[in-house]
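In the two complexes that follow, subunit A is the common piece, with subunit B as its partner first and subunit C second.
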Partner chain A sequence: MNWEFIEKYLPMYREAAVLTVVIGSIGIAFAILIGLICAMVLYHKVPVAKHIVNGYVELSRNTPLLAQLFFLYYGFPKIGINLNAELCGVAGLAFLGGSYMSEAFRSGLEAVDKIQEESALSLGMTKYQVMKYVVLPEAISISIPAFIANIIFLLKETSVFSAISLMDLMFTAKDLIGLYYKTTESLFLLVIFYLLIILPVSVIGSLVERRLRYAGFGN
Partner chain B sequence: MTELLQIENLTKKFDNQVILDGINLSIQKGEVLVLVGSSGCGKSTLLRCINGLEEIQNGTVKLEGKEVKYGDKNLPLIRQKIGMVFQSYELFPHLNVIDNLMLAPMKVQKRNKEEERKEAIELLRTVGLEEKAEQFPRQLSGGQKQRVAILRTLLMHPDILLFDEVTAALDPEMVREVLDVMLNLAKQGRTMIIVTHEMQFAKAVADRIVFIDDGKIAEEATPEQFFEQPKTERAKQFLNVFSFEKIKVNGI
Partner chain C sequence: MPDLGIDVLLKGSNMLRLLQGLWVAMKISLVSIGISIPLGLIVGTLMTTRFKSLKVIFRIYLETIRILPQLVLLFLVYFGSTRALGWNLSGEMASIIVFTLWGTAEMGDLVRSALVSIPKHQYESSEALGFTKGQMYYYIIIPQTIRRLLPLSINLITRMIKTTSLILMIGVVEMLKVAQQIIEANRMTSPNAAFGVFLVVFILYFIVCWPFSTLATHLEKKWR
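Let's turn to the complex of A and B:
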């Protein structure tokens, strides 16, 4: 292991990690938003819209992120839409993640008992209030484990960004291997940096899950 | 006494199956009505219709002249006057006891938070649960949960209370603590409709017993009449199920 090499290229990895985290978080934030909207559409069986959402979910879940990114990066300019690599990364992640988040959230909504809704209605709440104060909070709590699993999955998926020349962690590692043949050091740094990003999410995730288990779930 | 709730010719069907068949019933203010009948006779469905939780095919339910109608936009307003307690408690699992109690008064009736909290704590004290205020539903026993659920409807200051087999899911030793709360409410002069299988309790609490059989009111009587001298053959059969006196012990 060449420690001098590691020291020298550490800042480069740090920069790449920031890019991974920034694009990852923005993409995931949009994915959550899309997921919430789609889940609501499916839960309320909104006519027409539910078919569109179903089509989107199938398309998004059954095609690889790499293909989706190529579509955005190389395909869209052909119809006059030019997105830079960063935007493509965010859009691709949101497109992929939206469907996974939607499924996680929908199962949470469906796990809330109908009679919970009825008891809230019987207290004089409107349907909107029932959704806001009773069904939604319960559904979100139920879907948190799936949410966190999805976030970790999406963070890992960012590694294909290198294919559209985004200078993320994977890109940096490949670049350095190509330039200096320092495979061991480059891959070592790659693994360390991915762990630094994803491990805290995992740890926080299991803490939140445990808290939910002990702070009032399971009627 | 004034008439509070009026049910006229109520008919409820699931698909083509008739669950309730032309029910006519009215309840006076301050009256305690107990609905009895075998499982599946429609008594729980009747309660749900009174709260507008079921779409009905014919007839009307009126609370002080205002119609309780499934899907109507005024329904949330009328429902505030009709408290309902469910067999499975249905406390909100993500809220602690005090927030369970205060959610609807705060959000629906926009009442003052401080006064509301005071009233909630006071109510908890009357049933001996004031130290549970900050606990979550899963930390409570079934009987405690059901008492909280009753208080939750009381805090909305309803005109009438509906109880749907509220002790059916409880362990035997917890049944009493819930029934005592209900007996107290009856003593306070609350208007109540109770669906129960606890016949001793029905006898003690009811002003009037309504026996439902096959979606129809088969018999209406005072508890004394109903339990001592039921008029219909069906009611006699039904009551025999609860009696152990006439069981023949063969060869033991």
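Let's turn to the complex of A and C:
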């Protein structure tokens, strides 16, 4: 292990890690938003929109992110839509993550007992209040484990961004291996930085999960 | 209608090459899943036994494999292990190793959680009814476990097929790579090929994965 090399290229990795985290979090934020909207559409069985959402979920769950990104990055400019690599990364992650988040929220919403909604309605709450104060909080607490698993999954998926020449951790590692043949050091740094990004999420996730386990009604 | 370049695929053997690329990816995922399922069954069963040390070892294995992106694992095996151990590894071989390691970990966890989810009274009642150990597993426990396990394992197959798209990054010529080659070769005659060809790749992936995931959802609903 050549520590000098590691010290020299540490800043490069740090920059790449920041890029991964920034694009990852923006993409995940959009994925959550899309997921929430899609889950609401499915839960309320909105006509027409329901079918569109179902189609979207099937399409995005059954294709790999890499194929989606290539299509966005190389295919879209040919029909006049130019996106830069960063935007493609965010869009791809949001497209992929939206369906996973939607499934997580939907199963949470469906797990909330009907009696909760009925009691809230009989107490004189409006439909909107029922959603905001009763159903959503319970549904979210039920879907937290799936939700955290999705965040980790999406963070891991960001590793394919290097294929559309985003200078992320994978790109940096591959570059350094190609340039200097310092395979061991480059891969060591790669693993360390991915652990630095994903381990905290996983640890915080399991803590949150433990706290929320009893949040559902009747436990 | 603008030229979307789908006609490139109709020239010569381009479509056939694309499908061969898909077959390479399918072959790697099918071989890996074929090895992972039996190994996963063993690992998962061992994780529910009383041996503490065994549990800890498998737990560490599982968590390490899970925390790292599959692409990092591919790099570690393809670039790292060849450097460290001095052997020669083809891209296909490296992918099979990685997908088997990953599949075994995932499958093991699925088997473990399926076994744990069988309520204790199922064991106790079958004992109270006078079943022998073998009968208990054969008639009571294993059928219930399979019902919980099968949909999830089918989902794992879809995930595996999708993840094989990554192997292009370690130089295996699979569908996406073939698509790139076709687009490059026809750059002059059909500059818009990127749209059409990648669209077809996208659709092909969907056609392969969709039946599996639909089957899994169907079984899940039916056996709930």
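Everything below uses one rule, namely that the second predicted complex is superposed on the first by the 213 of 219 C-alpha atoms of A that agree within 3 Å, B and C clash if a C-alpha of one lies under 4 Å from a C-alpha of the other, contacts with A are read in each partner's own complex, and residues count from 1 in each chain.
Going forward, a contact is a pair of C-beta atoms (placed from the backbone, for glycine too) under 8 Å apart; a residue touches a chain by one contact, two chains touch by 3 or more.
Only a predicted model underlies this, so the values are computations on that prediction, with no experimental measurement involved.
Contact with subunit B, but none with subunit C, is seen for A:Ser141 once the two complexes are overlaid on the shared chain.
Within the superposed three-chain model, A:Leu187 lies in touch with subunit C and out of touch with subunit B [touch as defined at top]. The partner of subunit A that touches more of its residues, comparing subunit B with subunit C, is C.
Of the two partner chains placed by superposition, only subunit C is touched by A:Ser202; subunit B is not.
After overlaying the two complexes on the shared chain, residue contacts for A:Tyr74 are found with subunit C alone; subunit B is out of touch.
Look at A:Glu118: by the touch rule set out above, it reaches subunit B but stays clear of subunit C. Contact with neither subunit B nor subunit C is seen for A:Gly55 once the two complexes are overlaid on the shared chain.
Legend: residue contacts after superposition of the two complexes on their common chain; A:Thr126 is shown touching subunit B, with no touch to subunit C. Residues 2, 4-5, 67-72, 75-76, 79-80, 83-84, 158, 162-166, 168-169, 176, 179, 183, 191-192, 194-196, 198-199, 201-202, 205-206, 209-210, 213 of subunit C touch subunit A in their complex.
Across the complex, subunit A is touched by residues 51, 53, 76-77, 79-80, 82-84, 86, 88-96, 103-104, 107-109, 136-139, 149, 152-153, 156 of subunit B.
Within the complex formed with subunit C, the subunit A residues making contact are 58-59, 61-68, 70-71, 74-79, 156-160, 162-163, 170, 173-174, 177, 183-184, 187, 190-191, 194-195, 198-199, 202. Residues 113, 115-116, 118-126, 129, 133-134, 137-138, 141, 215-219 of subunit A are the ones touching subunit B in the complex.
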